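Each of the next two complexes has chain A plus one more chain, namely chain B in the first and chain C in the second.
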Partner chain A sequence: MAPKSRAYWIACYAILAVYGVFTLLPIAYLIVSSFKTQQQIYDGVASTFWFTPTLDSYRFIFETKPILQMLTNTAIVSVGSTLFSLVFGTIAAYGLARYKFRGRDDLAFYILSIRMFPPIVAALPIFMIFNSLDLLDSKIGLIIAYTSFNLPFVVWMMTGFIKSVPVQLEEAAMVDGQSQLGAIRDILIPVLRPSILAVGIFCIIFSWNEFLFALILTKSQAKTLPVAIPEFITWTEVGWNYVAAAGMVLVAPVLVFSFLAQRYMVRGMSMGAIKD
Partner chain B sequence: MANIEIKHLKKKFGALEVIGDFSLQVDDREFISLLGPSGCGKSTILRIVAGLEELTSGEIVINDKVVTPLEPKDRDIAMVFQNYALYPHKTVFENLAYGLRIRKTPAERIKKRVGEVSQLLQIDQLLERRPAQLSGGQQQRVAMGRAIMREPAAFLFDEPLSNLDAKLRNHMRVEIRELQQRLGITTLYVTHDQVEAMTMSDRIVVLNHGAIEQIGKPLEIYEKPASLFVATFIGSPSMNLIRLKSDGKALELPSGDRLAVERAPGGEVILGIRPERIKLSGTRSGNSLPYAISLVEELGSQKIIHGRVGDTELTVAFPEDVPLPADGAFVSFPEGHLHFFDTGEGKRLNRGL
Partner chain C sequence: MPGEKIYRAPLHRRLRPLFFLSPTLIILLSITFFPLLYSLYLASHTVILTNPMLEGWSLQDNLREVFLESPEYWDSFVTTLILVISVVAIEFVLGLMLAYFFFNSFRGRDLLFPFFLMPMMLTPVVVGTIWRFLFNGEFGLIAGLLKALGVVNYSILNEPSTALIGVVIADVWQWTPFMLLLLLAGMRALPQSPFEAAQVDGANSFQIFRDIMLPMMKPIIVIALLIRTIDAFNRMFDIIYIMTNGGPGRVTETLAVMAFRSSFEYFFMHQGAIIALSMLVLITIMTKLLSRFMNVQKGD
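What follows is the complex of A and B.
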């Protein structure tokens, strides 16, 4: 490849810089707003990034709402639904990847297509069913709901990953003296571990941020943090600083987590793009 | 040490019959190759013997024990795969040790055995590496090592050399054969490469469309091919085939030339003669035919000469150190090396010759 000219690189970095500002500015705005008083929010463009910071908003939200409990709920529901999705999704994916049966490809596409219609379509039926099963406002209920949304994604991704592992690895283990299940446990799962991790990260992030079903299916006990955030906008006041502070509490763990898990996420997104 | 017996094996995929009534007896310490073009069912047979594929009917016996209903793990066999199938997340040591670990062999015995096997295969310097850090030849050796770790009753090879480059392939061919003879392990070897089959095997099974064309020692197969398929599949460059009429005493070539022979089947037949058996000379003799050379391929060790007798194309392999006749070449066919096949099914006609 011919070396690129200086102008090419200047243009490249200019575009990247604009894009970086475009994506990061809202987050920067969220951060600064969380350290302001309500008055400072409206102080004008000049003082957007120039003000005396205060922790008042944080103090307020932790005093008025059970933020920690909701954060714990969010964590439990995210991790729980991710574990269930990975276990059942990988089992289903194994069947789709390793066995030929009539209608296999149709079934795989049908599973993926569940992911394609808007979740709100299922909201009312799920509410009715959960109501009669006494699952409303329970973490288990939310875990079941999120699992059902994550499953198609897990099945689809894991099917691809399993297909990319030569079946001869399992066969070699079986000839070596292992049962089929043993071969899956000893050979396939360890080989797939980075892929499982990558898919799991996407599941966790989806469940962590989910708003719609948490709003419909929970009330107090199982309420997750995303649902609580807009409650700082009431009919008497619009507490942008509180919204920002609660948003920060919600976003911070994800930011740290994503940063640590970066290389697995890249693997997940570039699946199949490169040959190992 | 064991024998393998395959009795009346049949395999269907749905309505498609891929193997129809295949029987084979592999004796103790014998090396048998299953040779055939891709899609002839040779790998399927091997996988059925291993227990990785189910059979439609028939019976597999290993070491005088019927293993047909058993899982691969209970068949006491070892297999080397085309892609080696080394466990990518395990070190070479753990790849070798895995079979013994499953059997709960004490750690010290495992270590000792890995030491023996890795020395035998000269991979003892690589034990801490992972498969991705090995060259193709090294991976091949580890795969072999994994197979011999447990001292199985039989070896199964599924085209183990086809992923190697030509030079390494020749080398590993010798190594595998030497190892097999040294350890004396009964071996079933699947390949589409006639050179591998010819050089390594005690006996070769030539397969076509799931049926046996011929079973025999390498030279038998080469010297007395049982059918047109075998005749053309074995040997490079492949056998010359000429369709002609015979009255039992003379052959009438398409060019009109007549060749006197002592004995030949009568009627319309296909004559086969290997390029390296044809005599080429610059002088006409009693039973020779004029030969027009059109192209000479230099191979170093020999020349491959393409040409015609009348309109009939004929390939001749000619030793390198003899100069080609300058003008006017003649070919003659030594009678002991003529093969006759029927024009219908292509079966060999001169069984006795």
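What follows is the complex of A and C.
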């Protein structure tokens, strides 16, 4: 790269500093607010970051709402839908990546276009259908609903990843007497493991953060944590410390997880995006 | 060629891909195709959850109700358009600028990068609540700062003239990192030689950026804009539901919020279905146009 002028570096650091504050301040605000009492919320700007921390808000939300149950629901639904989508999606991606047949590109486009569905289009009729099938407020129902956006994503990403693995690897194994499924299991899947991991991480995060389906399709038994967040906001808006605490419980696992898995995610993302 | 014999694989081999694809196709058909058919049923009948007696064919009446009898649909249409265009434009410019800084490296880059990506991992509902409270006129941090400047108890989200800006800020905050990530990946994938050649020819950094880097990044730029446009159009529901629930009045009520409220606040399922289906038509037209544009780009 060409050497940069002094003005460039000044602009670079100034913009990064301003943007850095813009990006980190709301997260810091969430964290500190969750350790405050209701009184401390009103203490003014000067004491935003200067106060005696307390766990009262956390204690309150765990005592008044089934936070643990909702957290478990969120985890079960996310992992369930992700595993389900990974298995069937990878199999389908294999069919799209390794075979040429009439209408293949149309089919691939159809699968991808499902990902572009406005969720509300699917949510309304799914609500009515689940209502008559007695699937409302059930974890199974929610897993099925989440598959509608996870499965196309898996197929789309995995098709690209499988195409990037030379077919000769499997052919060599098959010449050596392996069956096709054996070659997939012993050769292809181990090579693809990091990609499958990256795609799975994204599916888990999409499902963990999902709101609209959960709002419409659950009531109490299968309710996930994102739906509970707005319930802490009362019309007087006094519950900010409780909302912040519930938000922290929801967000902390994803943040920790994404820091640990960042390497995979960035690679998965850039590979999938750069492909065609 | 007529008369020429083409080799055709035996049937069982030609059906092999179907074997891999059928589970996924069955699942996808049952969770998208059937609901879509059901949506058409909803849209063409009178389905009111609180009044199950009122059922019957009423497509024309429903269409007239939504599109002609009140300006609400078109207000939401314009709101959605304004929101999508402004967030995608702002996120693109910011994301490109940040990606360029990260591409050229600076002190502390690798330390800072994961923190800059954090917003896109957060649950949109939580993002919505954070900004709702930041903007709160009584105790919010931003209102507090405004107070120090002499503006008393100003709630950005409660004023019709600024509520939309509040929503835009929250969305930009959450999704600029996504633009940064994609565009940075695109920059890193570029071949080195054109840059070296331009440098030898004495081009300055800005010329290199404008005349070499941007044109070479066109495919990834189009993809990034496409993904963000579709997502902003489809998924701009959670943060609005939390921050304003479409208010004050209806100034932040996008089509998705309107479809939700018609169905689950007023229980007019048929109206919700028509609005949702109109979104599907709009997004299909938009992606068709954008992907045609993309193909034209590939063609040059």
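Observations
Note that in this section the second predicted complex is superposed on the first by the 253 of 276 C-alpha atoms of A that agree within 3 Å, B and C clash if a C-alpha of one lies under 4 Å from a C-alpha of the other, contacts with A are read in each partner's own complex, and residues count from 1 in each chain.
Here, a contact is a pair of C-beta atoms (placed from the backbone, for glycine too) under 8 Å apart; a residue touches a chain by one contact, two chains touch by 3 or more.
Since the model is a prediction, treat every value here as computed from it, not as a measurement.
Of the two partner chains placed by the overlay, only chain C lies in contact with A:S33; chain B stays clear of it. The larger set of touched chain A residues comes from C, when the choice is between chain B and chain C.
In the superposition on chain A, contact of A:Y19 is made with chain C only, not with chain B. In the superposition on chain A, contact is made by A:L169 with chain B only, not with chain C.
In the superposed pair of complexes, A:I187 makes contact with chain B only, with no contact to chain C.
Of the residues of chain A, not a single one touches chain B in one of the two structures and chain C in the other. Across the complex, chain B meets chain A through its residues 50-52, 71-73, 77-79, 81-83, 85-89, 98-99, 102-103, 146, 150, 156. For chain A in complex with chain B, the touching residues are 166, 168-169, 171-180, 182, 186-187, 190-191, 193. In the complex of the two chains, the chain C residues touching chain A come out as 14, 16-21, 23-25, 27-28, 31-32, 34-36, 38-39, 42, 94, 97-98, 101, 104, 106, 112, 114-119, 121-127, 129-134, 136, 138-139, 141, 144-145, 147-148, 173, 177, 181-182, 185-186, 188-189, 195, 199, 203-205, 208, 220, 223-224, 230, 233-235, 237-238, 241-242, 256, 259-260, 263-264, 269, 272-273, 276-277, 279-280, 283-284, 287.
Of all residues in chain A, only 1-2, 4-5, 8-9, 12-13, 15-16, 19-20, 22-27, 29-30, 33, 41-42, 44-45, 48, 88-89, 91-92, 94-96, 98-99, 101, 104, 107, 111, 113-114, 116-129, 144-145, 147-148, 151-152, 155, 205, 208-209, 211-212, 215-216, 226, 229-230, 233, 237, 240, 243-244, 247, 250-251, 254-255, 258-259, 262, 266, 269-270, 273-274 touch chain C in the complex they form.
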